[in-house]
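See below for the structure under consideration.
Order as written gives the chain letters A, B, C and D; numbering starts at 1 within each chain.
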Amino acid sequence: MITRGRILISCPDQPGIVARVSQALYELSANITESAQYTTNPSGGTFFMRVAFYLMEESDTLEALHRAFKPITEEFQMQIQIAMPDIRKKMAIFVSKEEHCLLELLWQQKMGTIAADIAMVISNHKDHEDTVKAMGVPYHYIPVTPETKYEAEQMQANLLQGNADFIVLARYMQILSPLLIEQFPNRIINIHHSFLPAFVGARPYERAYERGVKIIGATAHYITEELDAGPIIEQDVARIHHGYSVSDMKSIGRQIERTVLARAVRWHCDDRILLHENKTIVFN
Amino acid sequence: MITRGRILISCPDQPGIVARVSQALYELSANITESAQYTTNPSGGTFFMRVAFYLMEESDTLEALHRAFKPITEEFQMQIQIAMPDIRKKMAIFVSKEEHCLLELLWQQKMGTIAADIAMVISNHKDHEDTVKAMGVPYHYIPVTPETKYEAEQMQANLLQGNADFIVLARYMQILSPLLIEQFPNRIINIHHSFLPAFVGARPYERAYERGVKIIGATAHYITEELDAGPIIEQDVARIHHGYSVSDMKSIGRQIERTVLARAVRWHCDDRILLHENKTIVFN
Amino acid sequence: MITRGRILISCPDQPGIVARVSQALYELSANITESAQYTTNPSGGTFFMRVAFYLMEESDTLEALHRAFKPITEEFQMQIQIAMPDIRKKMAIFVSKEEHCLLELLWQQKMGTIAADIAMVISNHKDHEDTVKAMGVPYHYIPVTPETKYEAEQMQANLLQGNADFIVLARYMQILSPLLIEQFPNRIINIHHSFLPAFVGARPYERAYERGVKIIGATAHYITEELDAGPIIEQDVARIHHGYSVSDMKSIGRQIERTVLARAVRWHCDDRILLHENKTIVFN
Amino acid sequence: MITRGRILISCPDQPGIVARVSQALYELSANITESAQYTTNPSGGTFFMRVAFYLMEESDTLEALHRAFKPITEEFQMQIQIAMPDIRKKMAIFVSKEEHCLLELLWQQKMGTIAADIAMVISNHKDHEDTVKAMGVPYHYIPVTPETKYEAEQMQANLLQGNADFIVLARYMQILSPLLIEQFPNRIINIHHSFLPAFVGARPYERAYERGVKIIGATAHYITEELDAGPIIEQDVARIHHGYSVSDMKSIGRQIERTVLARAVRWHCDDRILLHENKTIVFN
């Protein structure tokens, strides 16, 4: 019987952290499968570490791990997250009309490359109801109009309460309520259809076309209160040329968007992302 | 005896342009080696075309070509450029402290991939004097201070007058005089060390670092009066991650900058670039 | 009423081809939307051209086009294909167990980026029957064993006869019958899961892992009798490192495979591909 | 006074390695700046680790480090390399006619991105003598003919003996003597002008052209006795199309070759490369 575990830590950097952490894992008879670390500065900076491991004994539960690490986290003023990958995260997907990101997430989840359970899909359109329900996933149609915005947000919050660990905005074209942003701090992943910080806001492809850029991109980031300004998780790009219409760019863009978003979601599920100020540290 | 030629045209799109142009070349016994065209819209848009060819008879001079195309340009309200690649363009390079773009241009010119003569290098520093002179290229050291700015610009303009066909700013860190921009309209190529329109202006790598982007880039563009807003010729990018310091980014960035700039200069020399509003059409 | 058309030509290069072709299109009042050409050598080489256009009059049918071009094709010993995009090609998809390429084709066809009708899916497994039938596409389960190979091939050939214009092998893991290859010359597109010509044949990811390459890829090509040796249509790659297992490589590889295959199929449907010896000319 | 150090280890994987190594570094008061590890399999595989650190006391010499790690290396049957980056490696560059890789290495060394001393350049041509000598680097012209091959190799071996730590073949077009390969095991870096294992051997661009590939590449690898079959350090690629002649491909290829080779050399100098069977583990 094998129990898999992951530890994510951050703390002020100082000598001895790795020695203590690895000693603790050794005493728990952990077999380390991956380990990565990063320091902003070995004197006076912040230290980040991710360790993935497995334990051979069933009794080594989450509690035992927390107990073992308690003295270390206190000594080093450490923030620690201990995750058991066998306890899968619950993901809620928000989507509007465009389906490519939704389909990619559904498919990669089914393939096992995204290691999460899909708790529900919430949409302000009915378009994807059949597709989603056919996969056994609850679909909540919650239309949003200026008049119903408040009630819609309440309904969303109620549905999510206790049922989702994180949210993915898979081309959801409504501004998210601050209520939800507060409820899921650094646990809402958005895909923005430009290479941020270029073309913040609406109609990025149209603006890229007008500016005459030679490369377009997409950006997955955690949502914060400021529009398109949250910590960037992943970006990718594709080359275009003068002959691409806005519609061609959107078509190419869809490929980038779904790939970038799926990567970001996979890393989030695999506990590969740590936050430092407004930036991500991605151990991948 | 072979004479090589290139024709760049733009005009309101309408049926029959290609037929007339290719008929004229046929009557001149031209052997077409490359031909590319683009229309913003076949009904009512603008049509662009580039034809590279050679003529078997020595007598087919530039004049003969202009004469042959005169009725066509009039009929189609065509803007036409006729270039003979054997008459090489004269390039002036401006550079400040950083040498990587300068070296790349010198090397690619020597290798023959950049088909231009280097008329001179102008710098506000003495650093590259030996390197440049060793290659037999005149080097003009023109320091620029707030007090001497006006005289410096006059000196630059005088040196360039009649001696250069276009200018390359190879990491020249001074704002160029409007005088020069007017003197060389759409014939000044700059390399900006970011993926425009992200990080317009100073210190782009520092700002990319602060924003936490996962990809950095560089942009070659024609200079216009508005800072970093001229027509983009070429861009490229490289992937980075959280572990890259500003200094690492600059180091990676140098590779992108020199490659992107050299490509843009090569295309300019090979008459591959047409302008449409604030955008480039690059037939490459 | 608009009729869209495309002409693909190849012939021995000589002066005057473009003039004659464009004159003929002009006389048909064609509005040219795209035109591209390539010559292996303007003296004595082969000339290739693709023109996309539309005609404003309904009466300009396929027949009229063929009539208009008959004297030209004779004069220049031209091979010509005239296609009307509104008459969509019929595509048959072959697939085995892995679904990613199949799903991509189904989705892009539904989105309209692949402009073909899906005539049928043929598989040696039952796995995808529900998915395919739910989209209204016929699914033919034809198991292949050493004993039934001949009958299976006969069944395939019978199903395809008159019902398919081209075949896509979307990770079909059986060697295709020479019968089919003959029946669909240069009209069977395969996706090979390596960067050809590296790792021809079986188990490319395993062999890439053993060789320790730092980049993996996929290749879409037309099938010929020699294994993995047909004309390459498109390739793409992704960066890996020492930490990638064979399984990780397969997972990354799936993203490349489906993208590369879908691109190749799109270009085939859009009549963008010409053949020259064992190579493709792709006007995209 | 700061002393910088790096440790590279490999050993059979088992629990406790990291704990012991990091404890030893802690006891030496080392400040860890980078640490990376990799296991082929936590049960029964091979474990690899690289740690970069600095020590605050001058007395912590190489010897002290070796002493501190002796019990650990014995306990874990560990292979260990301890490097002090302030003791720079001595690099010998071999080059034939093509200069682009040589120039890149010279420039990056001067810029400080390649942290090695250039002990000498050896060439079978005189072409680069002036360039190299102007940088204060000894240039040895050793022509190689079938008749003089043996003497040439003896001369090379004698020049290198005690004067070089590793060799870079910067487009050196002679087969290297087994004598040298034995003298510098896994310390000769070659750039091969194809995406290995495609196009092993001579004339890779010509063969890539004939095969009609859509992407070309270059590969930096350690030399072994078998041609182009040694451990791959780094690869990169560039997209081409049907319009590229062999000469165009060589021109694009030069950009890839010099970049890939320079990266591999930098990593070698920075002690980022470990070997496992015929593969590299690159901690970058």
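To be clear about the criterion, contacts are C-beta pairs under 8 Å (C-beta built on N, C-alpha and C of every residue); 3 or more make two chains touch, one makes a residue touch a chain.
Keep in mind it's a predicted model, so treat the numbers as computed, not measured.
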**Prompt:** Interface overlap for chain C and chain D, more than half of numbers shared or less than half: same or different?
**Reply:** same
**Asked** Going by the average position of its CA atoms, which chain sits the greatest distance from chain B?
**Response** A
**Request:** Would you mind telling me which chain pair, B-D or A-D, is linked by more contacting C-beta pairs?
**Result:** A-D
**Whole-Å separation of chain centres (CA-atom averages), chain C against chain D** = 42
**Complete:** Per the C-alpha centroid definition, the whole-Å distance linking chain A and chain D comes out as 37
**Asked** What parts of chain D, by residue number, touch at least two of the other chains?
**Response** none
**Prompt:** For the complex, which residues does chain A have touching chain C?
**Reply:** 100, 103, 107, 111, 113, 134, 251, 255, 259
**Prompt:** Which residues of chain C touch chain B in the complex?
**Reply:** 15-16, 18-19, 22-23, 25-26, 29-33, 35-37, 39, 42-43, 53-54
**Message:** Using the touch definition from the top, list the residues of chain D that touch chain C in their complex.
**Reply:** 38, 195-199, 211-215, 217, 231-237, 241-243, 276, 278-282
